[in-house]
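Letters A, B, C and D mark the chains as written, and numbering starts fresh at 1 in each.
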Amino acid sequence: MVPRYARAAMTDLWTPEARFRVWFEIEAHATDALADLGVVPREAAQALWDWWNAARAASADGQAPIDVAAIDAIEAVTKHDVIAFLTWVSEQVGPQARYLHQGMTSSDVLDTCLAVQLARAADLLIADLDALLEAIKTRALEHKLTPTIGRSHGIHAEPVTFGLKLAQAYAEFARNRERLVAARADIATCAISGAVGTFANIDPAVEAHVAAKMGLSVEPVSTQVIPRDRHAMFFATLGVIASSIERLATEVRHLQRTEVLEAEEYFSPGQKGSSAMPHKRNPVLTENLTGLARMVRGYVTPALENVALWHERDISHSSVERYIGPDATITLDFALARLTGVIEKLVVYPVRMQKNLDRMGGLVHSQRVLLALTQAGVSREDSYRLVQRNAMKVWESDGELSLLELLKADPEVTAALPVEEIEAKFDLGYHFKHVDTIFARVFGTAG
Amino acid sequence: MVPRYARAAMTDLWTPEARFRVWFEIEAHATDALADLGVVPREAAQALWDWWNAARAASADGQAPIDVAAIDAIEAVTKHDVIAFLTWVSEQVGPQARYLHQGMTSSDVLDTCLAVQLARAADLLIADLDALLEAIKTRALEHKLTPTIGRSHGIHAEPVTFGLKLAQAYAEFARNRERLVAARADIATCAISGAVGTFANIDPAVEAHVAAKMGLSVEPVSTQVIPRDRHAMFFATLGVIASSIERLATEVRHLQRTEVLEAEEYFSPGQKGSSAMPHKRNPVLTENLTGLARMVRGYVTPALENVALWHERDISHSSVERYIGPDATITLDFALARLTGVIEKLVVYPVRMQKNLDRMGGLVHSQRVLLALTQAGVSREDSYRLVQRNAMKVWESDGELSLLELLKADPEVTAALPVEEIEAKFDLGYHFKHVDTIFARVFGTAG
Amino acid sequence: MVPRYARAAMTDLWTPEARFRVWFEIEAHATDALADLGVVPREAAQALWDWWNAARAASADGQAPIDVAAIDAIEAVTKHDVIAFLTWVSEQVGPQARYLHQGMTSSDVLDTCLAVQLARAADLLIADLDALLEAIKTRALEHKLTPTIGRSHGIHAEPVTFGLKLAQAYAEFARNRERLVAARADIATCAISGAVGTFANIDPAVEAHVAAKMGLSVEPVSTQVIPRDRHAMFFATLGVIASSIERLATEVRHLQRTEVLEAEEYFSPGQKGSSAMPHKRNPVLTENLTGLARMVRGYVTPALENVALWHERDISHSSVERYIGPDATITLDFALARLTGVIEKLVVYPVRMQKNLDRMGGLVHSQRVLLALTQAGVSREDSYRLVQRNAMKVWESDGELSLLELLKADPEVTAALPVEEIEAKFDLGYHFKHVDTIFARVFGTAG
Amino acid sequence: MVPRYARAAMTDLWTPEARFRVWFEIEAHATDALADLGVVPREAAQALWDWWNAARAASADGQAPIDVAAIDAIEAVTKHDVIAFLTWVSEQVGPQARYLHQGMTSSDVLDTCLAVQLARAADLLIADLDALLEAIKTRALEHKLTPTIGRSHGIHAEPVTFGLKLAQAYAEFARNRERLVAARADIATCAISGAVGTFANIDPAVEAHVAAKMGLSVEPVSTQVIPRDRHAMFFATLGVIASSIERLATEVRHLQRTEVLEAEEYFSPGQKGSSAMPHKRNPVLTENLTGLARMVRGYVTPALENVALWHERDISHSSVERYIGPDATITLDFALARLTGVIEKLVVYPVRMQKNLDRMGGLVHSQRVLLALTQAGVSREDSYRLVQRNAMKVWESDGELSLLELLKADPEVTAALPVEEIEAKFDLGYHFKHVDTIFARVFGTAG
């Protein structure tokens, strides 16, 4: 975790305190269920909650205080984190705590806790996506009909609108939202099934109770651990979202290039672009997002490698998850929020867009002429040749010559197409007649 | 593609002939729709199908013959594959073919074709998963109550059944099937939207028609290309499935180890395990699957890197997809089929499983004694100490000593637990009382 | 392997025929050494070479013909490739062949063969790098003093020369050459050490003899297999080289953008840029290289995962290497050659470079003024403020205003710096005074 | 960074304080060089060092105190870290500080600082490797002739010694040490070349001076930034080392399996293996190392993706390096130290090794018999058949039958080989006759 790329709500999920609180809740709910089954005394369960509620009531922020240092000190001896935690809880609660963790194994707590943390992290990320979608939609509607050049291979192609660029991004992130909802469901499962998943020493009813209380579904079959294909799918999904962030960030970086300058990241008054060159305004936020995307993607492979645990489990996945659990979710949360800010405040230059659109001397209309020639009965090959020979002259003049004028002066062209028909092919509005259709597909309304 | 790791049905999807046939279908359906709209003459569309149907009728296998070498020769000049193909088709069909590809751009054909190929590949993979699930289920039911030792960290833990191991694998691959169905839907979209996705020169009705005919949904917003987050999600899903293959393969490899030998890959009569050591029977299929899983996982990152294309498109994704389109699907198809064969023919040794289960002198029952002591009023810490001091003796004897006998001889233990109660804790059946529950969760029936 | 991204010299290394020929050489040299040691009859070794030499003499291309289909047919029964090959050789050579492979294990042949193939592949790649370096150097010297704008963050910064851009690329690929030479040495080792690497049944002298004959060094300690950290390092090195290819390709893609157009990939007369837009010239070669770089990088992780084989060996690495051995080397060979062609034929537009350099109204000289102010005694903060307030006006005018004129009209500036000193800061040559120094560092001579 | 997987010496390199101290040193040395050149007053340089030395003298630990919070507060306004730092230094040093950073650009400081940090990190890692090599060597010599079974595919093959296993690991880590030394040289370069690397406003002599003072070499050609192929190579090398760690860790995990138990991680008195199963001793350290290896490998691809920066630089690499700079080096440092501890304290069970070696009824000697039969004139195919039919009986008896006895009772075998010759083939020492050779190759001495 890099503090400068972290936001509080997400990092709070991953503190030791937060983890130990989830552990407590899991253990206490399990003890409730064990009391229901008559396995442990009701008072044992009650004692846990009594301590918990009293501790919460006595604390300033309504959260039960956790003495992480004390637990760490116990772990330094036992070299086992759950035993250290249970020992500490016992010290707080007293003798009734001996019924805690009955028939359970450490992973019952650890894996269910991770499910809770990842589900909560997913909730934050889904909210992030909602905010981003909202920002993109607002700007898309604003620029629904702002003409700009469409580019393939970085080369001017045909006109689009800036709203269409954003509509594409909207659709992409809407898909990502759906994927994340599915991935959240994939990891939000509870396993309280004992040492090798047989429920030998713990009734499945305990698992069902804890699952319900913690907002999880029941893991159908566990083997001490929750199977890691679930987590692999989750982190792979984050990797896809990160790649979409990179795509939109790359678009902004291109638009802000000196020669293009069709849009710019917002540049606040006090900000300095360069220690050496005072005129510079750099797309540093989107370049940063490009790097952050690399990191979130980098966490995918370790998550995939975590799947093939040995037999009923080995613990190799654990260290990986101590990194990527926080790092992937915190980084992605930050990146989504940063991207949302970039889009919300993006400074768009429609005048420059029009200027760029015009700079190629009308080459962007070449295809329409090509089609018109074909429809006028010229063979495809000849049409292509006729258009290309004029287009190449414009290209080589760097936009000084006009394609329209050249075509009008080409007798082979005018022999097939009357001048007024050629002129009609240079109408910009023609390209935007289906923008409403596309907006209706993407936003459910044409705006 | 490595021929030895390829099966015909999948490789057939990726031949040049297969690709050109899909191209033709897309172009011909599009021409139909253009004729419906009155953009091109009905006869132009008809001429395409007439040639196609005549060619199919005249061919031995009912497939229209494609002269790949001729198309390649044209591409060598034009350096553009779609133009080369269209030129070749024109040569076959005659002058009516000049209406072909009206208002379309190459990517309309290429991306829609890739969607068709990936959807068909996904169908084969789903069928592969179905076969694998069937194989796993059969063996799971067969060994539902075959006792075997559960291991965490490679160390004996508590008893499970071999059927439970397979039930876990079944649930995992059932999840993978669901993920693949979702990933298939993600990539099965059709885009016929022109040079920058505005439908400037082609009506959206063409796209709708081609989509329906090719079994695809309509891409809501494209930018010459179908957005690559879809493909990234698809290949990431294949990477997760590959990781699950590695998990099950690793299990078999472990079980076949000389010292464990609880199961073995089927070893056919003519087969030789080693050129030097005639006694060897190696788990070479599952080792091979481990390697194949690495490859399919290796294709995930390039697919993720393909997402951030420049502006409306660049063509950097194309070379990547020429590799991973075939390589990932062909390899995964082969791997799933190989794994299915391994599971179907797996030689299982229940006697050896029981022998291994017994070799630790009853240590696998230690937890039950621990719990019984706790419930008899001994503190958790003392219970742990009492069990551990006896368990350690058994451990150090390498299973020569019996935990049951030691416990019965430990006065501190017998002071808390009567001997018959201790003995009752060493019952194997106790561990399997919830196997039905788990099977019902996984298979919808307890068997 | 994708045929369109493959060149013959490299693919020839990876054919079954080529592999079997290397196998034969290894086996025959080993038999020679065994004969020297008196382990097998001299005639047995001689018989091998007699057949080999006769077969070569009888063949049109001087290569011993290998009947791959026959060997495959034997493998279909034995399920073991080396045994299949030995059986086939025995059929060719006759009874003397029974001494073949004495005390050896399959991996002795397979791993040594892979070392030979990778070393030969490395030799081709080193030659590719040499050709690329030569091409870059030629163009760098040609454009040593061609002024162009340097850009950080895609924003105009200060002047550089086009030769400097290429000098950077030269230095980078020169480093890559060095790395590849080291990686080649890492994988070029021979192991003939028997079933578990103890030389129990084969004398180390055999290994030494084969190593010398095949141009390899001796593997100090093998365990049936050559350790895979060597191969991991090799493929990781290819991944670094691929990333450098992506860097230079990205530079060309940027330079060819419509708005920049400072350089262009060569566009041959017959070539068509787009089926729809006849005016387009797209940087498709460098976009393609970007994708190929993703693939070569994608092979790094499987190679790293291959390192942790179980005990003395498992065969999981083998399938991975059947893919990445050919795919990584063939793709990189093609990419290096393609990049060399791009650089050799790159169309450079110095006039456009100058035009772009001038388009910012002299902002590129802002830092020099900043420094001059500081040296004239103005505080750093004030200097920055003075320059920035004028720079921002130029920036907002899109280069219509001139920084020089504005500074000369700013009394706070002229109070600190005389007008002629301000003017002197706008000299382009000033920026190039150390180009010779840099060229001397990179090329060993200033040109 | 995960605190539990971090050691102080390495984390200290990556604190903000440490970074700012390196920044100061770079800036102050540069100012010295500028004073030498007469660009800035000598007193300006002196003022910097005066403050620095006074601050160090006044501090408890001899380090100049850095007020990170104050610098961060300035950065919150300027949004530029180097400017924030320079502003803070100016506040400390006074007016002379206005000569600081003359003609330099932020990256001159940042990239040179990163080079210093990575070089120092590499030094720690090289020391880690030395300690690990020492530990492995000690145990290798101790167990040079401890017989143990060699396994391929997890199946018993032929005898090796435990020392040989360790010798292999030694050779592998010795190679890794060499690679790391090369990678360190690759990243240890200094660039002080100004805004786009032309030295327009700073003389190359400054770079040379700073490089010498900071223990770096001079970057031949930089472009504001040091080229990232250097860093890619560095992190790729760490990924290879991590993979070797995984290999040795996996070996220990296998050896500690219940059924194998030839070696065990040291288990300290207070340690608890499982909260539920008191008898368990799990190889948790090596499982943990397996996970840590996945993380270090996961950082390779982001480093490779960092190479292709846009034009003279973009800042996308920076966020990546804020993660992987510390995370990769801290994790690898911890992992190497943990592995060293595992090896040093590894509990080795030679008795169990012998027991396992014997458990296959002598099958491990089968190859020698095969060779003897061949040399006695039996065809290779017949020899194989004779040995295999007896070997298979032993195999199926699970080691109850003895291969030696069966062979002696097989008339076809004894017809070719006298009984005493068969018996001689079952000598264990035979396998170890070249151990000295291998040790001499690896350690430079046979021990």
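Going forward, a residue touches a chain if its C-beta (ideal position, glycine included) is under 8 Å from a C-beta of that chain, and two chains touch if they have at least 3 such contacts.
Quick caveat, the model's predicted, so the values are computed rather than measured.
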| item | value |
| --- | --- |
| Smallest number of contact steps required from chain B to reach chain D | 1 |
| Computed distance of Cα centres, chain B from chain A, in Å | 25 |
| Where chain A and chain D are represented by their mean Cα positions, the distance between them in whole Å | 33 |
| Multi-chain contact residues (two or more partners), chain D | 86, 103, 151-154, 157-158, 194-195, 201, 253-254, 272-274, 276-277, 282, 284, 287, 290, 297, 301, 305, 310, 314-315, 367 |
| Arrangement of touching chains [line / ring / star / complete / other] | complete |
| Residues of chain A touching chain C in the complex | 149, 151-158, 253-254, 256-261, 272-274, 276-284, 287, 301, 305, 352, 356, 359-360, 363, 366-367, 370, 384, 387-388, 391-392, 394-395, 398, 403 |
| Residues of chain C that touch chain D when the two form their complex | 86, 90, 95, 98-99, 102-103, 150-154, 157-160, 164-165, 167-168, 171-172, 175-176, 179, 182, 186, 194-201, 204, 218, 220-224, 227, 229-230, 232-233, 236-237, 239-240, 242-244, 246-247, 249-251, 254, 290, 293, 297, 300-301, 304-305, 307-315, 367-368, 371, 374, 379-380, 430-435, 437-438, 441-442 |
| Contact footprint of chain B on chain C as seen in their complex | 1-2, 4-5, 77-80, 82-83, 86, 101, 103-106, 194-195, 201, 253, 268, 270-277, 282, 284, 287-288, 290-292, 294-295, 297-299, 301-302, 305-306, 310, 314-320, 322-324, 327, 331 |
